[in-house]
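In what follows, structures are represented as structure tokens.
In what follows, chain A forms one complex with chain B and a second complex with chain C.
What follows is the complex of A and B.
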């Protein structure tokens, strides 16, 4: 009877990972079509991707937008969480709900809304507006993660630091941030992976300089090619790396 | 370092809750004071007023002769040992203990030397590089103490510091706290709800209830001659007997007692003050309902023949356990018989 659960396990993982595995496999295809039979392995398409300036530019843009927008989202999320967790404000429940509510709005709506605002203000779309869009979608997440991890333990340690003569800035720098480091890193890397993979907002809010998902989409319009598989594998690799860093930095520490 | 503390007419509300009601208290330099009372009596609020974590709505706080009422915690010559220790989990013990010195702008070398000295005061110099999570509860408590003492405060505030320790360790830490206080000479103010702990460590006990001070005095005085019915009952087990005052004599179920008093009164006698030998106030014979051997004494429930509806608790000498149903004569030293106005008991309203 143990065969049945085992078969189920294999099927479940196949269901999840088969598409990705196929994508990665045919990125090593030797010929010009990413379909069976597999005639690799060959690094031809990776070579081609890395020598394509549009793709490498998009890749650098993506990293740039993901890192900076995540850093900003985490900083703003931290400040909001610290303020709301440590001070009694009138209407703090409302403020908290308003900060988290954008999670429920679809990326398409957020992107369209931002597009309308940006055009009304007469600002052109650019990587900056993509970054702003990613801050908008990642801030609620960062805030929620950081707010949830601000417990009584930090609060008491902060009180002890104040008692020993620390100024507010020293309390935040020497006590709150180091004690919350796992949550801050978790929020940052989660935000990086979401920004890295995000398409709709990046598509709506950019024109000449684009992020990698947008570049991939424009490649897709010219038909299937193992080049796409190579880029896709690369995107996947970066996401996996971010998640692994997250795992190592955050969850190892907690054990 | 050390300094006297003076609280004048401290009054504080939390919303509708009247936490402190006109508290005035003078503490001498180098004194060990215990703030004792049930939870919600205002003792921790009073400690927070001293530490600068709560700004009182009225009144004045002087430390070392300087007005500190509106000075924030960071700038006061006080440090606190918190109930949950509040150690910094991401720092070594050395950095934990040296934190206050670092905030005071002391250089690395001097800071580490002083922090090591403070750690050795509590017997943890070997563990200087460890992190707090590697320590036991008792050791964390010592680190919290070393951290608070390292900056050489004038006044050390301790908020139920031994509450999380088991009984044996608690008794041991009481002795250590007292020894360390004698050594450094700092004024200690220690909040506790355990009257035995208060008696074991304090030079003077401040008994608090419902935002007021019920009694202030040495442990022996507060235990034996409490100034209020609440203090009498809170300091330990107490037999309470309802009696009536008639001016210069009090009518009791055991005959008149030559004390002045009027109206509804409460007569208080500690269990160990009830014995069946010697001179004093005669409670007559009493029937033993049950008796149990406690090592140092025999604890017995008794029904006095003169007032069978009463149940008295007596601590009798441990040499013999009286059989159930036997009668013994009860007497108490007149000094040990206390009388209070029944209305004095703030606990009831």
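What follows is the complex of A and C.
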């Protein structure tokens, strides 16, 4: 590589990693301000974060909402993709556009619409409404991923199973799901990462029990603190782990 | 494709997803649309077909100015991000040795997965008066006093650009590696220099990828509340910030809905303008 491209690459990486590196470095700060001079390393703020009930509750809530809403989004997305790919239906283009539509609308608008309906119906906001919102935004992605991966290969195997007397439920359970396992897992992990990280819908549609991004948001109001660095670094670690799992599951298979 | 069974069975598979999307997306969206034509009288909501909220939007400076601010920030972010991401994607696709490419790309977009509230906060650490940049410049003797970088439009744009450079690098890289290497060889054989090859061959071929990435950037950027709220401060408000003010302080759902509809209208206009080159199905 010649000098100029290499220099650009280095500069780009410096820009991309500057905030993350600062965040992680000062999460090990010994003092009470996450700015230089660095006087660590100390695990003080990680200890504090782990013993903070509000934060650990929010963490559990986030995992709970992310897992359940993603499982539901993948299930609905899978069924819809199977129905559309394996059955000739009138108006399938329209159905596909309808299912994909929520992708094109910003999360704020999805959240605002749901909030208005929940309020008009006189219902309260809770983790349940957050979960409903997250299924809305993740369903199109799950559907698109699974629909794209339903190829002719599975179809032949499905047809063979049907010829051998399998019922539709058996075909799905014994042929389609196992053959599509990598795509299903990829869709699930992608949904988990997005839901785990989502802020605005969770902010609008929750009140007493909140998810982690909302809890972090309320901590932000008190300004810069190494405690926020510690939480942020921890969240980053979780997301990166999920992404690496995804990378290994999906791309190792493809090679 | 052969039907696996009666199409009633197909509808059975589709029904749950369709019902979910209609009940929790289409219906709320319609209610929000209707809400934008309602009015508040005191604290009571009056449904109707009033254009009051839209007229207010044209009349009150803090409302239409928010639309302008949002557009300015979003366009700046989109242009700067494309200009910075393209060379990066190019270098990864054509200059980095094949076996390192996947790793370099993965590393280049890893911080993409930081929680986005945390990502904006991290930029605050970098840009604050006592933050990394000011400390470094003062330490190096280049600055006597810290300069204000946080709570400015510059901070908002930086935070956004950081995120979208990663997104665009990914989409442009995907576009570049799909091009057959022969095209570049042919251009060189015919006497084109590096710039001519880029301008006349590669750029036109990657235009769909650029436009698709730029469109995504526009949509995600103009609808975002977190980055301008954390990094921009309250000096100038974007449309999402004004929506949140209407919801929070004043519970003015009709006006918030009208602003949301305006936001959607802007996205639709940009979609129509770019639809010639958009390849959303190829993402």
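Following the convention adopted for this analysis, the second predicted complex is superposed on the first by the 254 of 255 C-alpha atoms of A that agree within 3 Å, B and C clash if a C-alpha of one lies under 4 Å from a C-alpha of the other, contacts with A are read in each partner's own complex, and residues count from 1 in each chain.
Throughout what follows, a residue touches a chain if its C-beta (ideal position, glycine included) is under 8 Å from a C-beta of that chain, and two chains touch if they have at least 3 such contacts.
No experiment lies behind these values; they were computed from the predicted model shown.
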After aligning the two structures on chain A, examine chain B and chain C and state clash or fit. fit
Which partner does A:248 reach: the first (chain B), the second (chain C), both, or neither? neither
Identify the partner contact of A:94: answer first if only chain B is touched, second if only chain C is, both if each is, neither if none is. neither
Could you figure out whether chain B or chain C reaches more residues of chain A? C
Partner chain in contact with A:120 - chain B first, chain C second, else both or neither: second
Using the superposition on chain A described above, determine whether A:228 touches chain B (first), chain C (second), both, or neither. second
Looking at the overlay, what does A:162 touch: chain B (first), chain C (second), both, or neither? both
So in the superposed three-chain picture, is A:33 touching just chain B, just chain C, both, or none of them (first/second/both/neither)? second
Let me test your reading of the model: by the given contact rule, A:43 touches which partner, first (chain B), second (chain C), both or neither? neither
Looking at the overlay, does A:7 come into contact with chain B only (first), chain C only (second), both, or neither? neither
May I ask for the angle at the C-alpha centre of chain A between those of chain B and chain C, rounded to a multiple of 10 degrees? 100
Shortest distance over all C-alpha pairs of chain B and chain C after overlay on A, integer Å, is 8
Footprint intersection on chain A (chain B / chain C) at 159, 162
Applying the document's contact rule, which stretches of chain B touch chain A when the two form their complex? 51-53, 72-75, 78-80, 82, 84, 86-90, 99-100, 103-104, 147-148, 151
Within their complex, state which residues of chain A touch chain B. 153, 156-157, 159-167, 170, 174-175, 178-179, 181
Can you list the chain A residues touching chain C in their complex? 1-2, 5-6, 8-9, 12-13, 15-20, 22-23, 26, 33-36, 75-77, 79-80, 82-90, 95, 98-99, 101-102, 104-110, 112-117, 119-120, 132-133, 135-136, 139, 143, 155, 158-159, 162, 168, 171, 193, 196-197, 199-200, 204, 212-213, 216-217, 220, 224, 228-229, 231-232, 235-236, 239-240, 242-243, 247, 251
The residues of chain C that touch chain A in their complex are 1-5, 7, 9-14, 16-18, 20-22, 24-29, 31-32, 35, 84, 87-88, 91-92, 95-96, 102, 104, 106-108, 110-111, 113-119, 121-126, 128, 130-132, 135, 162, 165-166, 219-220, 222-226, 230, 240, 243, 247, 253, 256-257, 260, 263-264, 267, 271
